[in-house]
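The letters A, B, C, D, E, F, G and H name the chains in turn, as written, and every chain counts its residues from 1.
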C-alpha cells in the first residue's frame, strides 16, 4: 500500500524516514540498521580528519550511496558563520547541495539558536544550498525559515537524544496547519516506535532520528520498528481515524441476541 | 616551510600541492574536503594549488552524525 | 524480521492482531480490510437468523476460513447464563472451541461484569472451551480468570468503540508484570495506529480491535496501518528502547568541529 | 402443530425434522446452529430429531461482530 | 467562598478532604499536618495492642476528636471475614458506625478484591455500619456497592502510596456521571496538590489521602497545600471552566491599537 | 502559611498571581474577580480613546490602585516599534515603569515574535522600563531576554485564551533550571485551577492569566479558585512531593492485623 | 489458668474479668476493643465477663493508618 | 485649523493647548496619555504646548486587557 513519498526541493524520496549515522556500536551494525530502516536519506557530520589515525575504516565504506542520499549536517556549530563554513565543506565533500542546518544556542539542551539559524539559512540559500534547518516548534520562526527559502522545516519533538517523544502536540498541529508549502520533518527526540507513529499521524511529512535507533539495545530491530511505525502512522493519517468518544459503541449488532 | 594543518603546525616541502599533501597523508581526494585560509578549495584545484608558508589548511571528512 | 507469534492454548497464530467483523460499510470492504490487516483470527457474533430476510449474502462468504480462524464472541450478553448459551451455539456453528467471552455489566460503557465473567469462564472451561475473556484492567480479576483456566486475559484499553487508546498504562504495565503464564491481549478502545503500537511496546502479547478499523474513513488503509503498528510496537518492545532523559545527548561527535 | 421459532409461533407439519425445517427455510445446515428447548442440538441430530408441538427452537448464525 | 460540604449518610462534614494518620515521622508532625489540612475526618487502622510496649504515647493523644471524626479502616484484610471482624472491633473501639472498608486482593498493588468487598459491604450494612468502600474505578462494581447500601464509593486514583495521581480520568468521569446518589470520594494515589485539584475539578465529592502528605519532605506544608488544592479544584468545578481551544483568543481588545 | 512573595526588579508583591482585566461580562464582575483572586498586579491594555463615546464608565473606576499595581501591556503590537511607542504611552498614562511587553508574530496563535521582542526589550530597558516580556518556552530566547535586562521571563503555557494548560512541562522544567536570576512567570494558556497548580509545582515564580478567569461561567468563583491553586501549587513545590512509584506502599502498618 | 492473648499463651488468675486483665496491662478500657473467642465483647461487659481457661482474647486499639 | 486626532481630521481653534483640547473632550488629564507627532507628550506640558495646524495627536487610555 502506498504511503506517498517525501518530496524535498522537487526531488522525491521513497521513505519518509531519515536516519542518522552517529553513536552506533560499530559501522557494521550501522550499515544493517540503515538497511533495516529503509531510509533513503542519512545524515552525516563533517569533522576534521584525525591525522593521528591513518587509514582505518571510513564511514562511507559502510553506506551504499547508490541507494541512500547523504545529508551533511552542521552539528556542533554555535554561530551562523561556523555553520556556513561547515555547510560549504560538507558540500565539497559530498558533492551535493543538501544540508541539515544546525545552529545550536544552548550546550545542555542543544536547542537551536533561531536567530543565527535564519541568518545562516539566508546565506546558504543564496549560495544554492537545499537547506533543511533544525529548529524548535516556534511557528513564527518556521514561517521565516520558509520565507527565507528553506526547503523544509524541521522542528524538534524533544531535546536531541532525549527519547521523550513529541512534547507539544498542539504546537506540532498548529505548525502543520500553517506550514503547507514546504515539508515539515520532525527532527530529534523520538525514543520509540509509537513516538514516530504519533508524529506521522499528526500529519508530519517525515521524521528524522538517530539516537532512538543507534542507542537501542538492538539497533537493527529498532530501525525496522521505526520504518514500520512511520508507515503505520502515515497510513493512519491518510485513512482518517475514528473520532474519540467517552462512551462505548457496540461493535456487534444489538438485535438477534439469544435471550 | 610550515603550514597549519587542522590547527597544528606541520613542516611541508616547499611548493607541495594539496593533492600531493593528501597523498602523503594517505587520504583519497574523493573522500575529503579542504578549506584553505578560510575558503573552500574545490577539488579540481587540489592538483593545481601549491601551498605557501603559513597556509592554514582544514582537512575534513564525513563521520557518523545525526 | 520476526516478531514471534501469538500462542493461545498451545496453538500459534502468525499475527498478533485480531480483528472484528462488525460495522463495516459492506462485506467486500470487510474482506479487503481483514486481508490488509494480516490478522490470523477474526471475531464474529452469534445472532438469531433473520427469518424475514431469506437467502442474501452471508458473512462467511467473505471470510477465507482456510486462512483465518473464527473467534465467536458472546457480545450483548448480560448474564453468565446468556453468555454460556451463546458460547455453546457459537461452538456448534463454528465447530471450534474458541470463544471470546463477554459478560457485559453496563449498557452505556459496555464494561464487563467481572463476577459473571468468572462464573461463565469456569463453566465453559469445564466444557472444554478455549476461553478468551474480555475484561477490564483489574489485576485481581485477571489472576482469577487465569486461575479459572482462561486461555488468555483480554483487558480493555478504553471503552469499546471509544477510540481513546490505552487509558491506564500503569495498570497495563502491572498486569503484564503479574500475568505471565497466559497471553495478555488488549481488547477494545484502540483508535489509531499509535494506540496499537503503545500497547505492544508495553509488552502485550496481542491486540484485538474492530471499530478502530471498520469505522475509519478508509478501513482497508487503516487495517494495514494497524498491522504495521502492531509489528512496529512489538519490535520496539523486543529491541529495547533508549531511556528517557530531560536533557540532550549529542548524536554527532563533539571533537573535530571546524572553528 | 405449532413451534416457537426464534421467539415467534410458527405452524409446522407434524414430525418434521430439524433438517427438513432448515431446508424449507433455505438454510444450509453447515452455516447455522440450533438450540432446541434450551439445549444445543448437535448437527448430527438435525436429521434424526423430529419436532413436537410446542418445541422452542433457536436458529442462529454468525454475523459481523467485534 | 463556599465550596459546599461533604455529606455522608446524611451527616455533613465541612471539609472535602479526608486524611490518613499513618507513616508520619512522629505523632506531633501528624497532629500539625491534620490541623493544616483542615480535614474533618481522619482514617485510623485497627491493630492488636503490642503487649511488649507498655504505656507510651498513643495515637489518640494527638487527635482532637472533638474536631475531627475518626474513620476506622480495615487495611491489611484479605478476606471479607477478616474485614468484617476488624470493622466490628473498630466500631467498638471508636464507638462509631463509620468504616473505611478495605478487602485487599493483591499484596504488591494493594488493589481491592471487589468480590470480597461486596460481600463484606452487604454484611456490614445489615449490621448498621456506614460503609465507605475502597475500590477501583470499575463502574459495574461501583453500582453494586451503591445498591448494596454503601454510603459512598471510594475509587482509587492510582495504587496506594504510588503518588501517580489520577491514572484514568475517563473512568472517573464516567463514574461521576453514573454514581449520583452517593458521594464519590477518590481514595489513594494522590501525590501532589494538582493531583487533588484535578480530581475535584472532575466533580468528585471528596478526596482521601495519606502518603502524599505524610511522605512529603514537609508534611505540614503539604497538608496545607492539599487543603487549598481541594478547595481550588472544587471551586473551579463549580465555576465552570472555559472550553479548550487549539488556537488563541486575544484577551485585549483588537480595536484602538496605536499604529 | 507563607508561600513567599513574588519579587520583580527588587520590589515584592504579596501574591504570585497576576490577572488581566479584559473580557469580563462587566466592570463590576471584574472588580470582584480581581478582589477574589488576591492579585497584587493587574494587566491593562493601552488603547486610543473612543471619541464617539463621551464620558461613561472607565476601567480605572473599578480598580483599587492603592491595593493593586497596574501593569500596562503592549498587546496587539506586531513590531518592536509599535510596542515601544505603546509602552511609552502606557508609562505616561500609568506613571510607572512597568510594562508587559508583547510583540506578536502570528495573528492566529498570538505567538510572540522573539526577534522583535528582543529588540524592543533592549530599547525599553535603556529607557529605564521594568520589562516583563511575553515569550514562548524557548530557552535560548529566555537567556537573551534576561541578558538584555528583562526583569522577568514570561513564557506561555499554551496559546493565549486557549485554556490548554502547560503544553510542554519538559521545556518549563528546563527553563526553570537555567533561568535563576530573574523570576519566571508563566503567562497565558491556563484554563483551570489545576493548570495553575501544576505550573507552580514545577517551580515557576508566578502565573499571569486573564481568559481562564474572565471567561469562566462564574469569573469571581474561578478567580478565587486560581488564588488557592497558585498557593497550593507553590506550597506543594516547597513541601517536596513524594516520588512516583508504579506499585503500592501500604499506609497502614503491616503488623498486628487481626487474623 | 491459661488464656490466649493476641495469639500468645498467657497465665491468668482464675475468674479474672476482662476489665481486671486490662488494668494489669495498664490499658484504659476506653481506648481498646476486645474480641473474645471470635466475637466482639461490648465495653459494658468488660467488668462482668470473667475469663475461662482457654479463652482466646484479641486486644486491639487504633494506630496510624490510611 | 485642522489637527489629526486619533487618525481623524478635526477642526480646532488656533493655538489651543492640549489641556484645553482635553477639556473640550471631557477627558481628565490624569487618565489619558498623549502622543504628539510620534512622541509622547509629558503631562506637565499639556498646559504649555499649543497645537499647530496638521499636528497628529494620539489620545490613549487604559482599557481592559490581559
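We take it that a residue touches a chain if its C-beta (ideal position, glycine included) is under 8 Å from a C-beta of that chain, and two chains touch if they have at least 3 such contacts.
Nothing here was measured: the structure is a model prediction, and the numbers come from that model.
Set against the C-alpha centre of chain H, every other chain centre is closer than that of D.
Each chain's centre was taken as the mean of its CA atoms, and the one lying most distant from chain F is D.
The pair from E-F, C-E or A-F that reproduces the interface of A-C, where over half of the contact pairs by residue number are the same, turns out to be E-F.
Here the spacing of chain C and chain F, counted between their Cα centres, is 47 Å.
Each chain gets a centre from the mean of its Cα atoms; for chain F and chain H, those two points are 32 Å apart.
Touching two or more other chains at once are residues 20, 22-23, 45-49, 73, 75, 85, 89, 108-109, 111, 159-160, 162, 164, 170, 174, 210-211, 214, 246-247, 250-253, 256, 258 of chain F.
Contact with two or more other chains is made by residues 35, 58, 60, 63-66 of chain B.
All chain pairs that touch, listed by label, are A-B, A-C, A-D, A-E, A-F, B-C, C-D, C-E, C-F, E-F, E-G, E-H, F-G, F-H.
By the touch criterion given at the top, residues 35, 58, 60, 63-66 of chain H touch chain E in their complex. Put simply, chain F touches chain E in their complex at residues 1, 20, 22-23, 36, 45-50, 73, 75-77, 82, 85-86, 89, 108-111, 159-164, 191-194, 196-198, 201, 210-212, 214-219, 221-222, 224-229, 231-236, 238-259.
Residues 170, 173-174, 246-247 of chain E touch chain A in their complex. Every residue of chain A that touches chain D in the complex is listed here, in rising order: 250-253, 256, 258. Contacts from chain E toward chain C in the complex involve residues 105-106, 108-109, 111-115, 136, 138-141, 143, 158-159, 162, 164, 167-171, 174, 178.
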